[in-house]
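Scrolling down, you'll hit the structures one after another.
In the two assemblies presented below, chain A is common to both, partnered first by chain B and then by chain C.
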Partner chain A sequence: MTLSVVFALLFYSATILLVVGVGRKIVIYARTPAPLKIPTTPAPTTRRGVVWRMTKEITVFQSLFKSDKWVWLFGWVFHAALALVLLRHLRYFQEPVWTVVALIQPFGKYAAFAMIFGLAGLWARRFLVDRVRYISTLSDHLMLALIIAIGLSGLGIKYIAHTDIIALKAYMMGLMYFDLQPLPDDGFVLVHLSLVITLMVIFPISKLLHVPGLFFMPTRTQVDNPREVRHTAGWTAK
Partner chain B sequence: MKDKRMTRQQHWPVASAIAVVFALFSWVAVAGVPLPDIPLAVKGDQCVEDTDFMRRNHMDVMLHQRDETVHEGIRTKRHSLKGCFTCHIVKGADNQPVTIKDPKHFCRVCHDYAAVNVDCFQCHTSIPDAKKSGGKL
Partner chain C sequence: MAAKFDTPKLFENIEIIDTPKYEADTMAHSSPFVAKAKHNEPIGFPGELVDNWEEKAVFRLGELVDGSRALRTFLDSCVKCGACADKCHYFLGTKDPKNMPVARQDLLRSIYRRYYTFAGKYFPKLVGARDMDKSVMDEWYSYFHQCSQCRRCSVFCPYGIDTAEISMAARDIMDTVGKGQKYSNEILGKLHTIGNNLGLPEKALANTLEELEEEVEEDTGFAVKFPLDVKGADVLLITPSADFFAEPHIDGLIGYGKVFHQAGISWTLSSYASEAANFSMFIGSSDNLKKVAERIRDAARELGVKRIIVGECGHAWRVAYSFWNTLVGPFDFLDPRYPAPQHIVEFTHDLIQRGGLNLDKEANDHRRITFHDSCNVARASRMGNIPGGQFILPRELITASANNFFDMSPETIHENTFCCGGGGGLLTDDLLELRIKGAMPRMQALKQVVDEHQVNTMVAICAICKAQFNKALPAYQFPMSMITSLHHVVGDAIQLGTKD
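On to the complex of A and B.
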């Protein structure tokens, strides 16, 4: 029971840090002026066009594809698999489980392998490509190591030593309902959860901020209409 | 004086937001966490393996049994699927064991909760032998 309480406190603290931390960053990003009209051309000339451009950016990583096919391959595979894995994990946080979440369970199982494949590719690049190795910092390596370790410990639960997932779901739901349930104390589960808590805590101070940051890129989100509409940034002449 | 009143007024939305959040939390806390209502076995006080072990590894036990029976031709009773339904039966309104189509079925209670698909019963029956229990398949 001590373990359940310790992990509950860690989860509550990590959640507050994650929500407040990322929220604060979003406010900072939103308030940061974009003084210049700098959409990367060819750029859409309408608002709707920008929405379409951002949709392609988020779903198929268009500009990454144009710049580097290898990074695109590993990065896109990793992110797509991560999306599936996250969707699959929703089952631990809802009752009844959404039909779509139930439907992707069988595919999501293999997504973890694809995720680790993508991450391994991205990590190999940091060792094998001289120019990338030169600019890689410790945090770049540690971030990849952390996410790979989360994936491997998750696979450990799935394929090496199972846990009581009913009790695990009850525990996670219990956290949401403020009705503490016992946490199954299996090694892989405790490692998996600890690493996820670590990820939640460092998210608002890490490179993972590219998730909200993507929506504040002037080069992608601006409409290419400098002649039709005068671009002002608060301090500019009216 | 006027400035102070202004700041107090500005705190109103924040205060009411916090109040709403707390109200929601307390409502949720009263509602209680949804848990699966796992049916007790109708007889016996010990499963073929330890309960904690079965909750984690029943699928491996059953698949191992499948391999031994179908691939090796060794048919034992201890871990047979049929054996599960000598104890783990849930009776319906007609006092007959319910099939996998009923959400109250022993397997489904947890499998639905965890959103895990059971494909045993596409071929196997999910109730005890019709002869012994007197029911229809």
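On to the complex of A and C.
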């Protein structure tokens, strides 16, 4: 039971840090003015056009595709698989399980392999491509190691040492409804959860800020209409 | 002066972009002349490096981040994916890894992290954060003057991170603590006091234009005018001062004159605002940016014109198109039927569409033409009504004026265009080695169309590109005369006297 309490406290703290940390950054990004029009052109001339541009960036990584097919392949596969994995994991936090979550279950089960493939490719580049090796810092390596370890420990639960998944779900649901249940103390489960907690904590203080940051990049999100609409903000509004 | 250096070799078998293995510090010695007090003080910066400059630089960085959403998101979001690493012409031409956009950004990001992020404050080694000190400043001075702010990296970054913004910020910080670049700061001083980058006073300008009128009349037999300070003219033309006598810029100016002449539209230049360039953008100085733009608005009001048209100049068009309305707008005193401001290419294109010009394409049959998209036009502005109009309109002007046009390889034109190598405040002889090496990718693409299509003319719409190619073309064994102005080609095709 001690373990259940410790992990409960860790989860609550990590959730607060994640939500407050990322929320704070989003508020800062939103409040920081963009004094000049600097969209990278050709850029859409309407707000709708910008939504379409961003949709393509977020769903198919359009600019990255144009830029480097290998980074695109590994990066896109990793992110798409991660999205599937996250969606699949929703089943541990809801009862009844949403239809969409139930429907992707067959794909979600294998997405972890795709995710690890993508991550491994990205990591290999950090060693094999001289330019990428040059720009990589220790934190870039550790971030990849962390996410790969999360994936591998998750696969461990699924394929090597099964845990009592019903009990694990009961524990997670218990956390949500402040009704503490016992946590199955299997090795892979504890490693998996510990690493996820670590990722949650470092999210708002690391390069993972590209997730909220992406939505605030003036180069991609501004409408190309400076002659038609007078834009002012920050020092240009004074 | 810079030491001797070898011009990069162009490949015999065409491979437009050959990504080199990096070679550390090949350009560590490259650094422009430092501004003196007489260059810094007139534009609002301390004359020399101030006391406690380290603290002040860090403080200024904080101010800039607080005032710019771009800078803040750019500094936070890079994941070091390496997509930009092989996209910079200076990296491709010099092999110096600090010329990879991400590495250049990191010169500043490492300081931001150290002083403004949790990870950098407590785990500097882990995230590559470092203290602000003299070695950092020296590195900044060298490598932030190896960025032409061309935005090519920003096109390829999955998030749109733009190294130009970061190099502007770094230059602003350096200016703020008294370490300015002589070339840009001296020019800005002249612009504030005399009205143009060249320091050409009103009288000299008037004489130059008069002589030009005589010359053109002698050549063509028609009295094409180049009016100065004419109150009540319809159009105020704001053009880079290089157009007044540099080659091949002046041929462009003659072309504008012929277009106005045949269109029968009254126009004027202004001696008070005789410069389209605004180098304040290069050094990231918001105060100067606005002050220079104000000169132009004031001149337009004073002369009582109905429209403002901007001549062939890349960064000037960015400032005019993207920033003028913000900085010194609204332009409600101009005729609302025309965009304010309008590019000379938009103006000429519109005339052609309406049948306002008689063009004889055969007049350009000795030319086999290609077009160099200038970075600031391509990636930081627009022409016409649709995205990408900045690529379509100039090419349509060429094909309306000439029979032989050949585009360079697709990965080197439009928004993928390679910088000429001299933009962003680097067009100075103390950076010649950088400029020649940085021109390599463009020269490589040019070689392909020269070999395959016997191209003998490269047209540009930027004063800096034109001046830079004057140096770069001979270095790569091309004739200097290959580079010319778009309105030179247009002007040569105009059949004067057929519309009068």
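Rule of thumb we're sticking to: the second predicted complex is superposed on the first by the 235 of 238 C-alpha atoms of A that agree within 3 Å, B and C clash if a C-alpha of one lies under 4 Å from a C-alpha of the other, contacts with A are read in each partner's own complex, and residues count from 1 in each chain.
Throughout what follows, contacts are C-beta pairs under 8 Å (C-beta built on N, C-alpha and C of every residue); 3 or more make two chains touch, one makes a residue touch a chain.
A quick note: this is a predicted structure, and the numbers were derived from the prediction, not measured.
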| item | value |
| --- | --- |
| Touching partner for A:124 - first (chain B), second (chain C), both, neither | neither |
| Partner chain in contact with A:29 - chain B first, chain C second, else both or neither | second |
| Which superposed partner A:106 touches (first chain B, second chain C, both, neither) | first |
| Which superposed partner A:224 touches (first chain B, second chain C, both, neither) | second |
| Partner chain(s) touched by A:163 [first = chain B, second = chain C, both, neither] | first |
| Chain A: partner with more touched residues, chain B or chain C | C |
| Chain B versus chain C as contact partner of A:5, first or second or both or neither | neither |
| Partner chain(s) touched by A:60 [first = chain B, second = chain C, both, neither] | neither |
| Chain B and chain C contact sites that coincide on chain A, given as residue numbers | none |
| Residue ranges of chain A in contact with chain C within the complex | 25, 28-29, 32-38, 40-45, 49, 57, 61, 63-64, 66-68, 71, 75, 122, 125, 129-132, 134-140, 142, 205-207, 209-210, 213-214, 216-220, 224, 226-227, 230-232, 234-236 |
| Chain A - residues contacting chain B, complex | 91, 95-97, 101-102, 105-106, 161-167, 169-170, 173-174, 176-179, 181, 186 |
| Footprint of chain A on chain B - complex, ascending | 25, 28-29, 31-36, 38, 52, 55-57, 59-60, 110, 112-117 |
| Of chain C, residues touching chain A in the complex | 19, 21-22, 65-70, 72-74, 76-87, 97, 100, 102-103, 106, 117-119, 123, 125-128, 151, 154-162, 165, 286, 321-323, 325-327, 329-330, 339-341, 378-382, 385-388, 390-391, 415 |
